[in-house]
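Got a structure for you, questions after.
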Amino acid sequence: MVVILKNNPNQKQLDNLIQWLKSLDIDIHISQGRNTTILGLIGDTSVVDIDLISALDIVEAVRRIQEPYKNANRKFHPEDTVIDVNGAKIGDGSFQIMAGPCSVESKEQICSVAESVKRSGAGLLRGGAFKPRTSPYAFQGMRAEGIELLLEAKALTGLPIVTEIMDLSQLPLFEEVDVIQVGARNMQNFELLKELGRTSKPILLKRGLANTLQELLMSAEYIMAGGNGQVILCERGIRTFETATRNTLDISAVPLLKTMTHLPIIVDPSHATGLSKLVKPMAMAAAAVGADGILIEVHNDPMHALCDGQQSLTPEAFDDLVQSISHILPYAYKEQTK
Amino acid sequence: MVVILKNNPNQKQLDNLIQWLKSLDIDIHISQGRNTTILGLIGDTSVVDIDLISALDIVEAVRRIQEPYKNANRKFHPEDTVIDVNGAKIGDGSFQIMAGPCSVESKEQICSVAESVKRSGAGLLRGGAFKPRTSPYAFQGMRAEGIELLLEAKALTGLPIVTEIMDLSQLPLFEEVDVIQVGARNMQNFELLKELGRTSKPILLKRGLANTLQELLMSAEYIMAGGNGQVILCERGIRTFETATRNTLDISAVPLLKTMTHLPIIVDPSHATGLSKLVKPMAMAAAAVGADGILIEVHNDPMHALCDGQQSLTPEAFDDLVQSISHILPYAYKEQTK
Amino acid sequence: MVVILKNNPNQKQLDNLIQWLKSLDIDIHISQGRNTTILGLIGDTSVVDIDLISALDIVEAVRRIQEPYKNANRKFHPEDTVIDVNGAKIGDGSFQIMAGPCSVESKEQICSVAESVKRSGAGLLRGGAFKPRTSPYAFQGMRAEGIELLLEAKALTGLPIVTEIMDLSQLPLFEEVDVIQVGARNMQNFELLKELGRTSKPILLKRGLANTLQELLMSAEYIMAGGNGQVILCERGIRTFETATRNTLDISAVPLLKTMTHLPIIVDPSHATGLSKLVKPMAMAAAAVGADGILIEVHNDPMHALCDGQQSLTPEAFDDLVQSISHILPYAYKEQTK
Amino acid sequence: MVVILKNNPNQKQLDNLIQWLKSLDIDIHISQGRNTTILGLIGDTSVVDIDLISALDIVEAVRRIQEPYKNANRKFHPEDTVIDVNGAKIGDGSFQIMAGPCSVESKEQICSVAESVKRSGAGLLRGGAFKPRTSPYAFQGMRAEGIELLLEAKALTGLPIVTEIMDLSQLPLFEEVDVIQVGARNMQNFELLKELGRTSKPILLKRGLANTLQELLMSAEYIMAGGNGQVILCERGIRTFETATRNTLDISAVPLLKTMTHLPIIVDPSHATGLSKLVKPMAMAAAAVGADGILIEVHNDPMHALCDGQQSLTPEAFDDLVQSISHILPYAYKEQTK
């Protein structure tokens, strides 16, 4: 961390600042220039509150040099984290496909989709039981019953299941769930993240609509700081001025995150674009840049998809998508991270 | 709602669509043009899922014409909502100032700030007991103990208190709290909103960093649909590409929301800019455009403000701010909404 | 175009509006609902000023249904446009690689890079003679002399050249240039676009940092309306709140533009990310989603790259990038546009 | 400027870097930490290319500490710049109102509006002769004839005129124009800025839709570096995800720019919001935060405003706006800049 002082700082305040920093076990190097004095802070600066220092009268600006995340940082953990979900591995160099309907609607629907996506090559089944919807008047999901139906589909097909939690009060219902998903709107629901850090389940953490990659890693850090290192990051599009797509898929996030962290990274092309015709090319882009997998919406009947129908594929289109990806995977980008 | 069909739509699919819409009690007017057929949907279209229709093969695009919020909509409730917090009124044409420290730190601190802001003219005391912090290593607030200290400050000064809830499991601790704040990161925590809709307390709902005004009103709608009509909206800055300020305060949201909704609207200039030097002019702008109040961070000792110090004012600066606003208020903008 | 009227519109004003629209040869269908009246405008609505109608007292909102671009619209020109630059074809299903240094610096430099990128498989040579720089104190390019050096490199290697124009006064210097590039900051320099529409040269039009895909097509329309149909679109990243990359590459723009327009689309991964380590994976993503080519910065000596060094590759890295792409191209996404 | 080195940097490359920096007359202070080495660069770092250094193998990151603008920097020019336009002063503490129609349409129109806005209190007349329009099929302005009509209105009323230049080839037509406006889309048209730097006319420089305040000042720096110090900055809204307004007016830019620069700052509420009902409250906000003036669109007949009608006021509404502002001005925010 670098602290740039204002011209002619009050010496007493400066002494106070230096003394306080030393009490936090921070070493300080002073660079005295013609117009500017710079303090170089050396040590574990993740404990230093950047806003607090910025607020001081004698300080012009503060610049962080080291990343504020530790457990998620590849610098301190150079080896890739591999997550094993009942045998389905994520982050080991393979490409895991998680597929299923936006919302669980009935036993027939979820079982039929599960069998179909398994046949096409999906390694995990996804489906929404609790649905975050912008409108209180829209379908809110089958909730507890939806999780039970997912478990029936799991029993039938053997596919591990991924489903979203919306509040920590729902956690007891997730005992048999294999991967707990944290949605984009909950990426900074810190109480939920803390609680998930105390579980031993893999967490699929989606990037918020307006969150930076560093913030995504800080949210992963919340989970990891609680003792749960099994975090799967998910890029699902960010909010920009462009209205032709629902969000803008930041595909460069994948190779960039690979340099920042050792955690696996998957891509959700369905929510990112909001247009089913873009799901296939964006899934192919995800494969090309070296993602560890994708999350795809598949439904078995468009007129009955109760929500987010626009971004869903039919089983046939999904099968075609998996084929298209399989050609690209052998030639996908691999970051030289070591 | 207007549905634009693709050229030469499949007649059977079109019949299905029309039949389904009629089952929702929607009337349909068909405009047949040279190249385009348009369906005008008349009735209560808030129950129609725009994504579902967009996903149909025969549909080119869907455009919403009526707002999807009802309880919050000024069209259906032309009179301003006035919220009475133990005598402090919000939305009645007065200008309510809510002030206090970012975080509650000690009895001495919160009581001292409370007395000071009351003297300067604040009508409510704000202070953080539960603190949403980007880093798990940063101070997370005094939590339950913080609320107790706020209640002591309330007993001392008579000021009603405003403080943030971060998870619905904390709700029992808020029994004596006067106004429950929902932070920007929780604006779309729908489970929390639903639960708050079942309480009878005023809710201060902050706009999310990447949320549109319509989404803000949809979140208010979640609370109101549960039976709680006491929602105070708060503009606190949105995330943009500009890095000179922490967020960009969208001051035009105030007069625009006044035309969209009957709910009161306040402004938080402290969080919006993240720079204490901008708090005063932005508070003055809020007063000028007709906001119903402001939320201001005031601390009594900069070296001890444990978080967000950069955006806080001293009691002296706050007093000066209140003076400056008082000159502007008599000439503030009043929307002709009726 | 759909015009939504306010409740109980003034009949005289409505008659005036209808009469005026009819004078523009627009047919009008009226849908009378319970609370809302909708006018459906049928005909060539590209001549109708949407802002003008929106401003009328009786109008609640206006929604455009048809795209305001005609020459660039795939609906009216379903066949792909193929641009032939001295034998190098763009848009014919091949993948054209345009490569070269950010800035032309010397004869030795540009000729050396030209020979090197040709060897690796580039079909066109790019290099900056006029450089748009944020700071007036930064190197502004070799200007006229830079173009002469590019022409020498072209004579040596046979590679057609692509270089940026910054002002229409420079046009006479571009007589021997094969493809004229319009930079992101000039995408809405309408006087320049008009003038380029009167030339017969291929134009490489970069998307502006804050411009929608529709605006990009409207700028192409400016060129095409003047009679020059040879426009190559280029996605090069948009400005978002994310600061880890210089811009956010909107890779979904490629398949989406393919459905909107018949013009070829290339990708510039160098400027989009501003990080040389991301150029290769993003180029692979561009190949995977079906782009018609890429624009890549290559330099021969990092210490002497006078600008934008951070986003440039060495000739060796470029050769590796071309190899990596060649594996993906046979399996790239192809839009079913017909 | 601070250069953060990677761990264990190559010593030879480090020596080269240090030698090169010294050749630019930069002093270097080295802070050697446990894991990190930091170079503090002291001197005139505006000549150092931040991208070039960032690209070096041994460099982790570069952080600028001093602003890259000099002529526009308040630190080096603490006194406010006052611009005198034929007696109408901008930046002297008064509040200048520039008003007029979006487009000049006829002698009757411009003269009538000019007399009307003068009566209401405008100090300058604005009107568009060259119009930047997104669509090539929209009205492009009366061009040279429009400037002549503006000059007739000036002769009639004595009001100095402000009008937009779109290309430097038009400069000869601006000989009698009092203030030359550079539109948002041309804020980084560097060739135009350079040329305007060689004139002696006041330049009204609008902020680009996606440009930071620092970039705005760098564009002002282009004009000032050429010898023309008469630059008026104009905040006119930035592009964000919000679609309820055309742009988001960044009103905090006004007091923040006042701390960064000595140049006058005005606000254009008409273009910023795109909604005529928001023009008055946003003008009041501009007055409250201490802007040096506003730019307002006024038309005399809505049905004939050929463009941007939605954001224009009638003369009566404008008169009311000026009255409302006059009450606020005595109490406006004044930055303590010295």
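Structure notes:
Per-chain residue numbering starts at 1, and chain names A, B, C and D are given in the order in which the chains are listed.
Here is the rule we use: a residue touches a chain if its C-beta (ideal position, glycine included) is under 8 Å from a C-beta of that chain, and two chains touch if they have at least 3 such contacts.
None of these values were measured; they are calculated from a predicted model.
With centres computed as the average of Cα coordinates, no chain lies farther from chain B than C. If each chain is reduced to the centroid of its CA atoms, chain A and chain B end up 26 Å from each other. With centres defined as mean CA coordinates, chain D is found 31 Å away from chain B. Taking each chain's centre as the mean of its C-alpha atoms, chain A lies 39 Å from chain D.
Residues of chain C found to touch two or more other chains are 210, 239-241, 243. Judged by the touch criterion defined above, the protein chains are all mutually in contact, each touching every other. Residues 210, 212-214, 238, 240-245, 248-252, 254-256, 259, 272-273, 275, 277-278, 280-282, 284-285, 287-290, 324, 327-328, 330-333, 335 of chain C touch chain A in their complex. Those residues of chain A lying in contact with chain D across their complex are 2, 4, 27, 29, 31-36, 38, 40, 42-43, 60-61, 63, 65-66, 239-241, 243.
Chain C makes touch with chain D in their complex at residues 16, 20, 46-47, 49, 51-52, 54-57, 68, 130, 132-140, 166-170, 185-186, 188-194, 208-210, 215, 218, 221-222, 225, 239, 274, 276, 302-303, 305-312.
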